[in-house]
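Lettered A, B and C in written order, each chain numbered from 1.
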Amino acid sequence: MESMAVIESKSLTYTYPGASKPSISDVTIKVEKGEFVLITGPSGCGKTTLCRCFNGLIPHFYQGELTGEMIVAGKDVTKFQTHELAKHVGLVFQNPENQLFALSIEKDVAFGLENLGFSRPEMRERVDWALKLTGIYDIRDRSPHEVSGGQQQRVAIAAVLAMQPEIIVLDEPTSFLDPLSAERIFEVIHELNQRLGITVVLVEHRLDLTARYATHIVIMDRGKVCSNGDTREVLRNEETRLVGVGIPKATLLHQMLIKSGMNISKVTPLSSDELVKLLTEVLVPR
Amino acid sequence: MSIFDGLKFRKVYSPIHNLDPRIKFIYVIVIFVAALLLGSILPLLALFFLQVPFVLLARVHRQWLRSLRGALFLALFILSTNVLVKWASAGYVFLIGDLESSVAMTLRFVVLVESFSVFFLTTSPDMLGLALEQSHVPYEFSFAFTTAVRFVPVLAEEAQTIMDAQKARGLEMEKGGFMKRIRNYVPVLIPLIVSAIRRSLELAEAMESRAWGAAKKRTNLYALTLHRGDFAMLAISVIVLVLAIYIYLFIPVPLVSSLF
Amino acid sequence: MILVEGVSFKYPSGVEALKGVSLTVKDGEFIAIMGQNGAGKTTLVKHFNGLLKPSSGTIRVDGVETTKTTIASLSKTVGFVFQNPDHQLFSETVEQEIAFALKNFGFEEAVVEKQITWALNLLSLEQYRKTSPFMLSGGERKRVALASVLAWDPQILILDEPTIGQDHEQKEKLRQFILQLQTQGKTVVIVTHDVEFVAECNPRVILMNEGKIVADGEGKEILTNTAALVESSIVLPQVAQIFKKLEPLGFPSNVIDIYEAKDLLLNAWEKQQR
């Protein structure tokens, strides 16, 4: 089966207006349809800047200097307006409160559809569908300010989902959330990826909660891509840790055990369950 | 301030709450016009009592009374200035007619506060925003309105947090002379403003990402439709307006004092 | 020392945020207060510097009841670093930002100068002395906020969610920094829901839920107490998760440190080889 790239960038370099050096340089990545990609790296590595390139906020909203190529859903971002690209790629931001504007959750979810001029019956259908998929149908009449951060992020996801994009990009969506709410958000995203085949691009620091979902990981450092490939391969690579990425404890422990000579399978675990499985293969009950 | 309590929306389910905000607004305008036309005590009292059933139906009497209480101070001010000015211009004599018209002026003010209070107490900001949208007001304005209302509690909380953060650095808001106290607000205002600017930038990003500006004709998830109650309210408003105009033109209203 | 006795607190809105909380914070302790949003953690620590006064019960900081003194006075002993540095920053330069509190507390000019230099060096900010705080990156602004509170050298330091938005390196630096403060004899209280960070620090952990203290003890014990964690909606740290699942094999379940984990597993494996 032929794989289709939904996001493809070539030597992408961007400098914010007034900045002395580029925030991202020479970024060449490819994301296939249906993938769950993790983008991570130390603060200031350019991952947030890269996210803004996916839906045209860069260069249209931020201006500045963009060179190289960024093709999303077959469209060159420099040649299409953000409102056109928004039909194909949705962007969920870090701060739950600042992406919800309406006075009821339901109206917020409909916002994008209203902008696109959908008919009322079709909006109704899509809004209800998105609310149910993200598990917030019961709170649809509430005001965004009344609900928790985790619920607010679900509203943001539902709002993007309602436009039925092929790709959803999430920029550190759980920064302000506690680990339990964060886990729930990742489960929702994972489901959207598995059940609906939506391509997911997730920018995150919390690899212990997210590495298990991604088959493809991109590590960035100081504006450049330093690793790009299969999650297990990249995370067992020493360089990843040296760049300052916090790899999952299970992965780190596994590496430590192998280094100390334990005869355990070399398949890199990404979660506690995976490591336990490997350990039970070599350890007997004592 | 208790006068503002009478303007805060309360989420209650009543026939008045369900009325179309545009119809309610027409009612407020009619009361306004009627109050202007009818400058004497008896018809103004009638207007005042006319609205009481609406207040009771809407079950907002407690807040409504609070708004009237808040307006009391201003009302007394209006009464006293009117009386004094008229007394002075009448040659320092108290004339019954003057006293009555002063009371009428005050009553007019009270009637206006009353009708605005009913409007704001029974109309939620979303309904207002929706009414604005559907009244062919440019979408930018109704969006600015609803977004502002949406963020008022957020900004209020943030202001409190900022004050706490600065108090924890030894800032004492209550201390010092007048100028010092004004300067004490700088460490609170600057973070608040900077935060508001950052917030609006993030909001703009989110709006763009949700296809803001895509279609020339924006659609709406909700639609305001008029029901029987709305037509009844409209009818009442029209009747009141017609009566007011008729009385103004043809019926000389007697002074209260002349009835005794 | 902070003594909390039977403190209850009700917000004007009617929400009962604290219900009969009692606790003692000894000098030089390192405590992590954990619990989900709304459990009352931040409400509790806001009582330590008098920002909030209890509806019932008492709080004594170094013997002084918080209701009998001012926030400014308590703040000299109890430094509070808020979660979002942007809620504090307002000055034209980093230097002025740090001087703000020092001037408020009435320190002499010479002392103010000395403390500013000390605080800047402590957090590696000397290069930004004359820079506008608004020009700095998120992580740098967080350091400026921290420096501006440390400047007056409070005995007790409260950090509200210090790890939010921080990457791995920054968290590691923060952890080292807290250890450094500890060696100076300072009392450090952090309010957080970052289990992994707390697992690495292993402080005294206090779990809160619905306005009450649910558990209080050594980090190692609390962070592996599944029942208590579930009650306060906290996730087990990953190392603890691993060992919980290895319990059937006879491993201890109260492991949170990765090096301890490695040693236990290697020992078990080596024993098997013989």
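Some notes on this structure:
What we mean here is this: a contact is a pair of C-beta atoms (placed from the backbone, for glycine too) under 8 Å apart; a residue touches a chain by one contact, two chains touch by 3 or more.
Since the structure is predicted, the reported quantities are computational estimates derived from the model, not experimental observations.
Chains that touch both subunit A and subunit B are the following: C. Looking at B-C alongside A-C, one finds more C-beta pairs in contact between the chains of A-C. Note: centroid distance subunit B to subunit C, computed from Cα atoms, is 46 Å.
With centres defined as mean CA coordinates, subunit C is found 29 Å away from subunit A. Against subunit A, in their complex, subunit C makes its touches with residues 36-38, 137-139, 164-171, 193-196, 233-235, 237-239, 241-242, 245-246, 248-251, 258, 261-262, 265-266, 268-269, 271-272. Remark: subunit A residues 41-44, 94, 148-149, 172, 175-176, 178-180, 183, 205, 208, 244-246, 248-250, 252-253, 256-257, 260, 262-263, 272-273, 275-276, 279-280, 282-286 touch subunit C in the complex. Against subunit B, in their complex, subunit A makes its touches with residues 52, 55, 57, 60-61, 81-84, 86-87, 90-91, 93, 95, 97-104, 106-107, 110-120, 123-124, 127, 143-145, 156, 159-160, 163. Those residues of subunit B that touch subunit C in the complex are listed here as 158, 161-162, 164-172, 186-187, 190-191, 194-195, 198.
By the touch criterion stated above, subunit B contacts subunit A in their complex at residues 124-126, 129, 143, 146-147, 149-150, 153-154, 199, 202-223.
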